[in-house]
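Next up, some structures in structure tokens.
One chain, subunit A, links the two complexes that follow: it is found with subunit B in the first and with subunit C in the second.
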Partner chain A sequence: MILHPALILVLGALVLPWLPRAARQAAVIGLPLATLWAVWQVPDGAAWQLHFLDYTLTPLAGDRLTRLFATIFSLMAAVGGLFALKQESRLEVPAAMFYAGSAIGVAFAGDLITVFIFWELMAIGSTLVIWSAGNRTAYTASMRYMAIHLLGGVVLMAGIAGHVAATGSVAFVPMAPESWAQWLILAGVLINAGAPPLSAWLPDAYPEASWSGTVFLSAFTTKTAVYVLLRGFPGTELLIWVGMFMIFYGIVYALLENDMRRILAYSIVNQVGFMVVGIGIGTEMALNGAAAHAFAHIIYKALLLMSAGAVLYRTGRRKCTDLGGLFQSMPVTAVCGIVGALAISSFPWTSGFVSKSMISQAAGDQHLTFVWLGLAAASAGVFLHAGIKFPWFVFFQKDSGLRPADPPASMQAAMLVFAALCIGLGLFPAPLYALLPFAVDYEPYSGAHVVTQLQLLLFSGLAFFVMLESLKRTLTISLDFDWFYRVFARRLSEILTPLFTGLIAALERSAGALANRGGDVLRRHHGPLGALARTWPTGSMALWVTIMLLAWLVLYYLF
Partner chain B sequence: MSTEKHWLVRPETIKLLWRVFIAVLALTVAAELVVHLHPHFGFDGWFGFHAWYGFLTCAAMIVFAKGLGLLIKRPDTYYGEDR
Partner chain C sequence: MSFAEHLPVLQVVVPLVSAPLAVLFRDRLAAFLLVLAGSWAAFAISILLWLQVRESGIISYAIGSWPAPWGIEYRVDALSSLVLMLVSGVGAVVLPYCRSSIVREIRPDTHYLFYAMFALCLTGLLGITITGDAFNLFVFLEISSLSSYVLIALGKDRRALVASYQYLIMGTIGATFIVIGVGLLYVKTGTLNLADMGVRLQDMTSHRPVLAALAFLTVGISLKLALFPLHQWLPNAYAYAPSAVSAFLAATATKVSVYALLRFYFSVFGETAIFKQLPMEDLMLVLALAGMFVASTVAIFQNNLKRLFAYSSVAQIGYIALGISFDSVTGLTATIVHLVNHAVTKGSLFLLLGAVMASMGGVTLARVQGVGRVMPVTTFGIVLCGLSLIGVPGTAGFVSKWYLILAALEKGQWWLVFLIVLSSLLAVVYVWRFVEAAYFRAPRADLLQAREASLGLAIPAWILVGATIWFGVDTSVTVGSAAAAANMLLGVTP
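Moving on, here comes the complex of A and B:
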């Protein structure tokens, strides 16, 4: 029997907190690497089957797409574990491993029920990661986060139940959202992808985790949703427009943001938007592009958040207004942050360039002019909001006077591994292309492509520095959809509570009055002096019976 | 610690960096004369299309964000200290 890769991490995570420190540190890197090995032992097709109620579940099934996502998830868990070796919390890293394992479980799920089970386990693991930051802000953020994900889970479960009831099959196969059940599945998955209108859960919660927690969070939930969309809803046109919205939402909110990790959180929504557009286009090129972009994105986004995490670890500060000039004393962190920033901007010779361009190419091939124009503008916008803004405000800008040292060796090593991968995949895309679900017939490095991309990005950089005054950071946040459940709902309850209390009191009063009146009536008729409670002589009773019998006799005789 | 500024943030270095940056910008546009572009839609073959499209869309996004900021920006203590 083949080992289930997800169970190595999920079950391993349950043992981790009780291990002594040295063993725990070894396991935090060893378990994900063992998982990576196990991922490549899973053959194509269903490997595990079991019967549950009336259904045949397939908790373990492999194919190219599954292996691609499971590979990057395990790699992410290993390098994230390395980065988090100095994490003092005994809960966070085991929770992160549990979370990573559940994401791998979704990737290997061959049926919708297994998808749902691991989906919910992910919500638990990720909530614990945020929660384990151990302060009040993180606690309240984790509760809001969990509420949204449980809602998403309920929507997904309702969809799956409806789908299974209608088709009689639990198999996880491509769906076109036609029935209401499939629409619910799509909606449940999109909530986890950070799609509108609920996107705010992501920038609300992720930046509240610890310096290492956010690194894990950035990788799994949204990319698992991308995986499920890739498998379940390829070519659903609506996704193009949902993705476009996410792309520009991410850019605009990141431009307004002051907290360095919230900038990067908004840019997760932006990057997932590119993948969702690719899934919506739905050609082999576009789906390859979306899958490749998810792979590349996990690496460079984790790298960016590691460099932000290193700054937070050393300085305890997260606001751009408090930071600046750190390149002088944190050269390794700054260089790694810049490599991540170049990769997210799809700079030539980085991983983002070889993956994102496939999505644009697919839009061009399908003659989707406005989509192509939107993607081109968005590429420039990514350089603007993440590519330059993050490194500029954190490492350069003004001199904040802070002179923190680079972080400990384990954190530097993790950053260097991912920085090397960002450049390595950019220079040698062939191994990544070989992992993609469809055969790749695409050459990213044409002269024209490199020149046009450089123009787009460098002139975006020009716009940044020319308009720097407009981008100056202020001590502000931007209202988002979370305002509705954090402020509006509370105010509404403050208004409605006295209203309802008054209404209920009035109802109680009138019900009481009604009951009293009813009692009076009863008393009048049935009370000691009531007409119906009087005693009647037996003689009058006999008289009335005689009269009625007579009447009956007369009527019987007449008719 | 010396009071002298790091060489990278001295005004003369910044001036030099600007000159290099502008030269590189000019080079990427001039490269169109040498590299054969294969425009897909037509308009993307206009001279320096990606350069001015990148610049203008970014400027537009900054202006739009700034305008939206007037509506939705709040002090960062808006949700209270422990939010």
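Moving on, here comes the complex of A and C:
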């Protein structure tokens, strides 16, 4: 019997909170590493089979794609655990391990029912991670988060039930969204991927978690959705446009944002957009690119959020306007943050470059001109919002007067491991390419690629700093930049708000009013003193019996 | 005749005899041991009967060797053997629990009467299930009802008396309606044997009295099974009865009434022409949906956990009725599976609540705050049962909802699938209210010293919790028997 890797983490997480501190810290790193080992023991094909109702479930089935995602998930759990060693909450890290284990469970699921079970466990784990930040805003955010994910789960479940009823098979195989059931499955998965129109749950909830919680959250939910899309819906053309929307949604809102972790949360939507586009293109090159990008993205996004988390841990501040100049006293954090920023901007010689360029290449190969152009423009946009904006405002810009030290050694170690991976995968992409689902016949470091990308990045960077210099002469930097994303942002949002949010807000308002009124009605009738809930006098009970009898008699008389 | 041939009558006689004996001994230990032996024997007999039915089909037993249409017939088939096993099984688990539980809730000098009543109630429920005779069914219904009025009235809370009184009035009205219905059928067909009645009704030309009989029986039985809006007696009866009684009645009484309804609908009226043209399905559907949503919503606002879960029972009966309204093999399978699964889930839930009551002194949401910290094991059990009520995969509740959804899909009614899932979300809300109080609030200062329940309470409760999980994973017993019973009721040979 082969060990199920997901169960190591899921069951281990249930024991974790009750362990003494030292044992817990050892287990937080040991369990994911044991899982990583177990991942590589799973052979190709179905390894576990169970009979449930009339169906054969396959809770454990391996192949290349599964192993790729399970590997990065367990690696993420291990390094995230290292980063979170100083976390005081007894709940958060076990919840995160449970969450990571459930994500691995989805990756190994060979049938849709197993996918659904782990999907819901993931929702519970992640809600607990947000919730364990322990303050009021985190609590309400976690409740909103859970509501969205329960809704997504219901949609997914309805889709799975319909699909199973129609085909008679629970196997998790590629589907084309043709029947309504498959559309529902696609919708349920896209909700978790942060796709429109419900993208807002992600930047709403993730930044409310603790300094370490957000690191875990960034890795699993959306990437599990990417995995399910990769396996279930490759080559669905709709996904190209959904992905493009996500890319630009992420960029626009990240540029308008002031909270450093919310900037990074928007950029998750943006990055997942790239993967979704790749899945939509659907060629081997594109799918490889999407899978590789998910792998690379987990690492550099976690790295960015670790560096933001370290700043939060030391200063307790999260707004860009309250921060600045931290490179002087937090050099390690700053350097790691910059490495992550370069990787997310797919700067050559970083992991982002070797993965994202595959998706662009695939778009080019398929002669999807507008997609290719969009991706190129978006690369510049990513550089602006995540590549420059985040490190510049947090670590440079102005001197905020803060002089926090670099975080404790365990947190530094976690950041250095991931920073090394970002650069290592960029310099030597061969091991990553070897893990991908299809054979790779692609060389990222051709002259044209490198030059194109460098030009793109350097020109958008140049524009940024040229503008910066010219503004510096007349006004102070901070004010200029205040203008840049206060006034300019307001202008921009004045145009965008009616388009994107106005309609939604109006709908929300009317739904809210309706819900309030509905709530009053419900309470009046169903509340403890409502007619439906209070104890009735025996006479009126008997009256109802008579009414029922009469109703039945009349009905029967009529027929 | 060998011993095995007399099993059907022993199924009822053994617990029946234990009741007067328990009274004669006038000693609570002796009474307990006697009734315990009786109920365990009944459970063993029901298992033997179930195996026998699975091997060789329907067992017909003629009481006093009078053959069927004239004498009283006991009839064990796929459906009744499953319900017998459920009722006697729950009885066998709840009885040991009674011993530790009623010490706190009932005056010690009346304990032997409690056990006698318990044995009578068990007898009545088993009798309803096993008998093939309409009047005999009414007699057993009265035995079980009268004893349950007494059992409920024994509750420590003074409101138990009113609850029991209301249940008595309503139950009597229900029983009267049933006996009127049976009487009308007897006048029209000249037989009391259910199977025989079904045959004779098929070539009945004059409809009116038969229709009236059907109406009386439907309303009478709907009252006993607490179908919305005839559920009003149930919440208070469950809420204020002694813990063990709540658990036993919640798990068995309404379920046996569902069984009686299935019997009358499908074994007696099922083949008749009148039944086929009635809008029975639509009516059932409307009442089922109303029950699912109204009762779940009421449950959300309750502050007493026993009352909360009593309303949830009304909602769950909605699911059971929904399955009946489909009038298909899958729908009836769902009904019968849910009958078993909900009995096990609700039974364990009320047993666990009884344990909480014993340690914390009450089960209002305000009192059980932080119970997750002082009684982690029991609380975890309640959460597991709550998950089953919601219908989370891996629990019994999921299996029944799955079949309900399949049945709705078979009929092509997507909107019903949506409503089923939506009503599960209401269950999420009321279960969440408990979870929030139990885990996310600090315990009251005076209850910090409360301890886990004693083993006498914990072991029976966890046996049923185990069954809740077991039936969610291994469905061969529940779904297998239910599918066989559904096929039999609809006359389909699989």
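What we mean here is this: the second predicted complex is superposed on the first by the 465 of 559 C-alpha atoms of A that agree within 3 Å, B and C clash if a C-alpha of one lies under 4 Å from a C-alpha of the other, contacts with A are read in each partner's own complex, and residues count from 1 in each chain.
As a convention for this text, contacts are C-beta pairs under 8 Å (C-beta built on N, C-alpha and C of every residue); 3 or more make two chains touch, one makes a residue touch a chain.
Fair warning: this is a prediction, and the values are worked out from it, not measured in the lab.
Student: So which one touches more of the residues on subunit A, subunit B or subunit C?
Tutor: It is B that touches the greater number of subunit A residues.
Student: After lining up the shared chain so the two structures overlap, which partner does A:A141 touch, if you call subunit B first and subunit C second: first, second, both or neither?
Tutor: first
Student: Where does A:L549 make contact in the superposed view: on subunit B (first), on subunit C (second), on both, or on neither?
Tutor: In the superposition, A:L549 contacts subunit C only.
Student: Tell me the contact category for A:R64 with respect to subunit B and subunit C: first, second, both or neither.
Tutor: A:R64 sits against neither subunit B nor subunit C.
Student: Would you check which partner chain A:H526 touches, where first means subunit B only, second means subunit C only, and both and neither mean what they say?
Tutor: It touches subunit C, and subunit B stays clear.
Student: Once the structures are superposed on A, label A:R517 by its partner contacts, choosing first (subunit B), second (subunit C), both or neither.
Tutor: A:R517: touches no partner chain.
Student: After lining up the shared chain so the two structures overlap, which partner does A:M541 touch, if you call subunit B first and subunit C second: first, second, both or neither?
Tutor: Once the two structures are laid over each other on A, A:M541 reaches subunit C alone.
Student: Pick one for A:N258: touches subunit B only (first), subunit C only (second), both, or neither.
Tutor: first
Student: Go through subunit A and flag every residue that touches subunit B in one model and subunit C in the other.
Tutor: In subunit A, nothing is touched by subunit B and also by subunit C.
Student: Touching residues of subunit B toward subunit A in the complex: what are they?
Tutor: Residue positions touching the partner: 1, 5-6, 8-9, 21, 24-25, 28-29, 31-32, 35-38, 40-41, 44, 48-55, 57-59, 61-66, 68-69, 72-76, 78-79, 82-83.
Student: Quick check: in the complex, which residue numbers of subunit A touch subunit C?
Tutor: Counting only subunit A, the residues touching subunit C are 52-53, 113, 116-117, 120, 150, 154, 157-158, 161-162, 165, 180, 522-523, 526-528, 530, 532-533, 535-536, 538, 541-542, 544-545, 548-549, 552-553, 555-557, 559.
Student: Within their complex, state which residues of subunit C touch subunit A.
Tutor: 162, 165-166, 169-170, 173-174, 177, 211-212, 214-216, 218-219, 222-223, 229-230, 232-233, 235-236, 277-279, 283, 294, 297-298, 300-303, 311, 392-394, 399, 402, 405-406, 409-410, 414, 417-418, 421-422, 425, 428, 473, 475, 479
Student: Where on subunit A does subunit B make contact in their complex?
Tutor: 135-137, 140-141, 248, 251-252, 255-256, 258-259, 319, 325, 327-328, 364, 367, 369, 372, 376-377, 380-381, 384, 396, 399, 403, 447-448, 451-464, 466-467, 470-471, 474-480, 486-487
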